Amino acid sequence: MATQLLMAKSPEEAVNNKTATAAFLAGGTEVNRLGSDIAVKADMLISLKKCSGLSDITEADGYITIGSMCTFQDLIESDTVPCYLKEAAHFMASRTKRNMATIGGNIASLRSDSYLIPTLMAVGAVLEMEGNNGSCRIGIAEYVDRSEADALITSVTVPKEIKVISRRFANTAQSHAVLTMSAALTEEGIWLDGAVKNVGLLHFCDLEKAFREDPDISEEAIIEMVRVCTGLHTADDMFGSDTYKRYLIAVTAYDLHKRLVGKEV
Amino acid sequence: MSKEILGQAVTRLDARDKAMGRIKYTDDLCDKGALVIRVLHSTVANGIVKKIDTSEAEKIPGVVRVFTCFDIKEKHYFPTAGHPWSTDPHHQDIADRLVMTDRPLFYGDDIGAVVAEDEVAAAQAIRVLEKSVEYEELPFVLDAQEAMKEGAPLLHEDFPNNVLTHTEIHMGSVEEAIKEPGLTKVEGWYHTQPVQHCHIENFICYAYGEGDRTVVVSSTQIPHIARRVIGQALGMDWGKFRVIKPYVGGGFGNKQDVLYEPLCAWISIQMGGRLVKLDVPREETFICNRIRHEIKYHITSWMRPDGSFAARTMKAWVNNGAYSSHGHAIAAKGLNAFPQLYPCDNIDGETWTVYTNRSVAGAMRGYGMPQASYAFECHAEDCARAMKMDPLEFRRKNLMPVGYYHAFSKNELYSDTFNQCFDKGAEIIGYYDKVKEYANQTGDIRRGIAVSTYWYNTAVYPIALETSSCRIVMNQDGSVQFQLGETEIGQGADTVAAQMISDTLGIPLDMVHPVSCQDTDVTPFGTGVYASRGTYTLGFSIKQTALLLKQKVLEAANQFTRMPVYNLDIVDGNIIRTTDGRKLMTIGELALEKLYTTEGSQHLTAESTYQIRSNAYSFGCCFAEVEVDIPMCRVRLLNIVNVHDCGQVINPMLASGQIHGGQSMGIGYALSEKLLWDAKTGKPLNNNLLDYKMSSFMDHPRLVADFVENYEPTSAYGTKGLGEPPVCPVAPAIRNAIGQATGLYINELPLSPHTLFREFTDAGLINDSFAE
Amino acid sequence: MYDIKALYEAESLDHAVRLLQEHPSAQILAGGSDVLVQVREGRRAGVELVSIYMLDELRGVSIDEEENIRIGSLTSFSHITNDPIIQKYINVLGEAVDMVGGPQIRAIGTIGGNTCNGVTSADSASTLMAWDAVMEVTGPEGVRRVPIKDWYIKAKVVDLRPAEIQTAILIPKESYEGCFGHYIKYSMRNALDIATTGCSVNVRLSEDKKTFDRVRIGYGVAAPVPVRAYTAEEFIQGKEITDENIKEFAETVLKDINPRDSWRAGRALRRHISVVMAERALRESISLAGGVVNG
Amino acid sequence: MDRQYKVVHCTINGKKVEQVVDVRASLTDMLRNDFRLTSVKKGCEVGECGACTVIINGEGFNSCIYLAVWAEGKDIWTLEGLTGPGGELSDIQQAFVDEGAIQCGFCTPGFIMTSWEIVNSGKEYTDDELRKALSGHLCRCTGYENIFRAVKKTMLRHLGKYDEAELVNSQGITEYPEPMPFK
């Protein structure tokens, strides 16, 4: 049980003290949540509340850089943050939670129902990390694949101008989402990323390829493609049946692609 | 019907909880978040408050609010005495007190109050405020006789010469009687001192809003009366208040006055019902609550050669302090007792209750009788010596005889109680041998032994309303809870009541549970405990209510056993058929059946009020044996034996405890206790437990208590009052014993080294060559 | 809760002295049975306190190398009463401090506090005065020794310089050897009381126990500070143990004491009691020393 | 106006505890307010009445004039600590109940703590020594009589003198007590 609390004054101090059994404490909506075992397993919590320099939002040549300790509500109320990211932030329904939850915290949690990661992956966001050997930059996709536990996310950079649409499916606004999916229109074509509950954060490269190769591919084809896809490890659980999830992924992907490519409005 | 539960030394029902320390007194119940109130007291003995500058005090961190007497917009004058209210205006107590006054009449009067987060901030604020009060000081008077003289400062306009009340009694014709030849005249001045109750739990109360009402939790003897007085003091409907009385850490009469409940409630209301606590520090308990009346007596007797009284006169000046509180009742009780203790055909009695600029005198254990008993018994001893009679024989000859009937109170002495008590006490302490042994001693260390008695009755009929209400509720297992207006303040009222219910209802004691803490919203009306009324008055309503409940139980038993009610009884928790003694069912089975039966389910409960219209003499005596060290001017009490006739003793252990407590208070009253004021400023000098010499563990010998049990015919359980009587005879007994030892019979209390040195020096027992 | 502006807890004697230097207005808090009561009454409200209560190094009774009886200033009254050295050499001091207040007060109260408050009614003071005790004080300039007759300057004021702490009370060997004494506390009740007058007498008899080799008598509350009745001592020096001498000794004390008149007790009573106590304490001391009056 | 606080580590009724206290707090304040041990009573707050007596390292102290910070490392017992886990009364508590030594009960906690110290001392006190050992407590209800009997009986029982304990008369009614020797 965490019996010690360190109020880190800088990212460096935070990282230096980050032992294997210590845990970072950002907004606290995840670490302090009943049922979360992070605080139980850790022997020390390193609070980032008083860390300097982690909560500014800046813009430079078409890109927005957001401090990892910015809260969801900071995003929503900021003038520079692009709308698509504000929408994703609104996926967190509770305003009081938005006042506490931080961007860095949500990313680091790597939850399979994450509010932001699908959108950030779709736009190819880049994270700045503070590790034991100084800071470095790493793409969100790469971070999702092998996040380095002891490093601290200090900021997230996203493109300002990009066409993105995100969808979130949950029973109620407060429930965990069975599927959160984002599609972005880039030069190479459409990027399709999503969070599937109890499966994980996925990059739908097969679907992307299918849409690129045949922009007019039918919905049925997409549905069939996903239905038989063996790489997708969905299962029956309280969030829905395996077939329902595959169907949902398929129709959502098709819908997002259609909206983005803009054949029919 | 088994009677043995009455008279059994049953353990107090709350003894275990008290021994475990889990009993909750007022301070233990109050939430830590309460704001603390400290009262701002007048530092002049008589004056007018012109201005109080609160700005400085309000700046002190932690001070939340400062009130002054000028915040009292509507002046509601209210009476504070714990007397039952009277709908007849002539009978109502004098309403002369305010929650805060701009006209302080004694050093310590309440002129303001501070509300703070903690007692440190409160005390800081008080110290600052005391320096920022602008008084118009007026001359003051501390002595009762001085206060009656022309030109003395007048305290209350409508009481010329500061005389609250002056009453007289006259029987036969003293003038004629003293013309009889061969009479011996004996005359004496007797003077008793002001003392204080010194209950170990100071007065404390807290108040908070609840709905549109105010709840006051207070350490009081009289919750129902307190509710009425708060209403009067704040000019609000009495129903707007609810008073709760938790366990009390001793009262002795001080908590029979309404003290700071009104001010506490008023402050809570001014602050929107905020929880506020008023905890009186010990120093203020001594001078800002109540004290015992200082009384001066002048008694004259004319004795016939055979030692009987031809005529007697008495005058008494009673120092009542700045406000009326109990008013003339204390003086009246003394005057009323004078012709009864030593009956005589020709009596003139006169007494004045006088206002002075001193702490307010109110009820204190004995209510004027410890003072009167001191005067009467000192005088009786003086008369016996004048007639060269043995003091005990003199008393046996002149005391109230068996069969004496007092028309006004309808009291009657049914048994030869004085002689029985004298005999028993004399035998225990070995009085007769010692009286001879200690006759005319010499030397520095001398011993003496003497006896004294007193007059006392029970409760206050016919002077005021005596009423008691009781509610008994039966549970499904046949056990009961009972509620009473008579409050438990340490004397054991709950336990005694439980024994009575167990006896009358016929169920074991462990099935009888008191609801000990009175709550005026729930507890049936009762005027609380005072005047040794507890056991006597609660007995009436208990017996009546228990019989009502028993009737309902037996009627239910008839329904289930088919036996007629007159052939049924409840014995030891069982329904018995009286014709053959067979046990038909247990009380538990009956209660369960009667509650849950689908034919005529009924919740077995009974409630009733009994208005007591009788009184009962409760006499007894005290034998004291002392050793006087003349050079050191010190008296050591070797032995003290009290024998009391309080009718049937319900619980010997609790009863002897009452006697021990009375003896202890009497010892302090006799030897060391006295409140002192500075004559120049009217400021109290010894208002703390170090300088006020209450008896400690090492100032007491073993205390012996015994009883003579004459069943009181007027009483529901044959009981008579016992709370106050034991205090009365102790001081005179000690005084008379010192007299026998040294030949010096001193008419002043306390008999402390100061007094003894002065008397011994005057009498030549001490003649220092080096005296200045 | 007490109205204390600040509390500094000393971990060692040096630390205590340093704290007193750093906070010149701070007062010393030992057992607190006087100081804390006065804080509550308002006389010392808002005071800064240096608490030395935890300094065990100032506790205990021992015989030092000069064969003085050394009593640590923080030794509580109850520990003095039960101490074997005290019981053996100066039992009267144990009896005297055993009359302070009640058992609980005697558990917290210290002899240092009792002698530093400069109060004439202090139960230990009259006996220490009668046994020529020496006060050892430690301060910034080191250790200083003050004979008790110079210790009391005036009512409530003792010879304690800024940042100094009384660390021990010494009874020289010459003062206690062959000496027997008795203390009488005259008070209005037998416990929880302060002395109206306190009288401590001790005697050293001649070899044949017939005459007084040395008599000393100390009083509390017979003057603004504890005093010795030197005239009476000189009178009886070397005299025979007879009733007349004892009586005259007792009355001679009046030449040295000057009790005041107050509501607590009148002057005439105090003078009378002082004489009676002198005689009784002397007689008790004589019998303790194995002497016989008119023997 | 920043207040001075200190962490106090001590043992109360056999349990190791830590408590942050205001340095101005008395031990009574800490026991009553922080630990809700309301058996510790306030009667005078100047060390006169004994109602606040608790046992510290085996000795009775008035907790009202004992700073809370001084409790550091001390072993403190209050009346709540004398009662067994199942509510069993210690023999001194039971004696106070049986001998009628309790009336209003406000001085009882203090008295029982000092009595506990006496009966556990293993010493046999004479009557006079017993009175002196208990003289740090004031009581207005009982005249100290039944308290004296309860403590004397329990002391004698602790010393194994059971029959002598029974001789200490029960109601103090008939047996004629010996006079107190002059001191």
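Letters A, B, C and D name the chains as they come in the text, with residue numbers starting at 1 for each one.
Following the convention adopted for this analysis, a contact is a pair of C-beta atoms (placed from the backbone, for glycine too) under 8 Å apart; a residue touches a chain by one contact, two chains touch by 3 or more.
None of the values given here were measured: they were computed from a predicted structure.
**Q** Taking all protein C-alpha atoms shown, work out their mean, then name the chain whose own C-alpha mean is nearest to it.
**A** Closest chain centre to the overall C-alpha centroid: D.
**Q** Can you tell me which chain pair comes out on top for contact count?
**A** B-D
**Q** Measure off the straight-line distance from the CA centroid of subunit B to the CA centroid of subunit C, and report it in whole Å.
**A** Distance between chain centres, rounded to whole Å: 43 Å.
**Q** Between subunit B and subunit D, what is the gap in Å from one C-alpha centre to the other?
**A** 28
**Q** With chain centres taken as the means of their Cα atoms, state the distance from subunit A to subunit D in Å.
**A** The computed centroid separation for subunit A versus subunit D comes out at 66 Å.
**Q** Any idea how many Å lie between the Cα centroids of subunit A and subunit C?
**A** Whole-Å distance between the two chain centres: 81.
**Q** Residues of subunit C touching 2+ other chains?
**A** Residues 1-3, 40, 102, 190-192.
**Q** So which bits of subunit D are touching at least two other chains?
**A** Counting only residues that touch two or more other chains, subunit D contributes 24, 45-46, 48, 132, 134-135, 137-138.
**Q** Tell me, which pairs of chains are in touch?
**A** B-C, B-D, C-D
**Q** Sort out for me which residues of subunit C touch subunit D in the complex.
**A** 1-4, 6-7, 9, 32-33, 36-37, 40-41, 51, 53-54, 78, 101-105, 107-108, 190-192
**Q** Mind pulling up the subunit C residues that touch subunit B in the complex?
**A** Contacts found on subunit C: 1-3, 40, 42, 45-46, 102, 186, 188-194, 196, 251, 254, 263-269, 271-273, 275-277.
**Q** In their shared complex, at which residues does subunit B touch subunit C?
**A** That would be residues 118-120, 123-124, 127, 631-633, 672, 676, 678, 685-686, 689-691, 693, 695-699, 752-754, 757, 761, 766, 768-772 of subunit B.
**Q** Can you list the residues on subunit B that touch subunit D in the complex?
**A** 9, 11-12, 14-16, 18-25, 27-28, 32, 61, 120, 197-202, 247-250, 252, 281-282, 428-430, 445, 489-492, 625, 627, 629, 636, 638-639, 652-654, 656-657, 660-665, 667, 688-690, 694, 696-698, 700-707
**Q** Which residues of subunit D touch subunit B in the complex?
**A** Against subunit B, the touching part of subunit D is residues 1, 24, 32-33, 37-39, 41-46, 48-49, 51, 78-80, 82-83, 87, 89, 93-94, 96-98, 100, 102-109, 112, 131-132, 134-135, 137-148, 171-174, 176-177, 179-180, 182.
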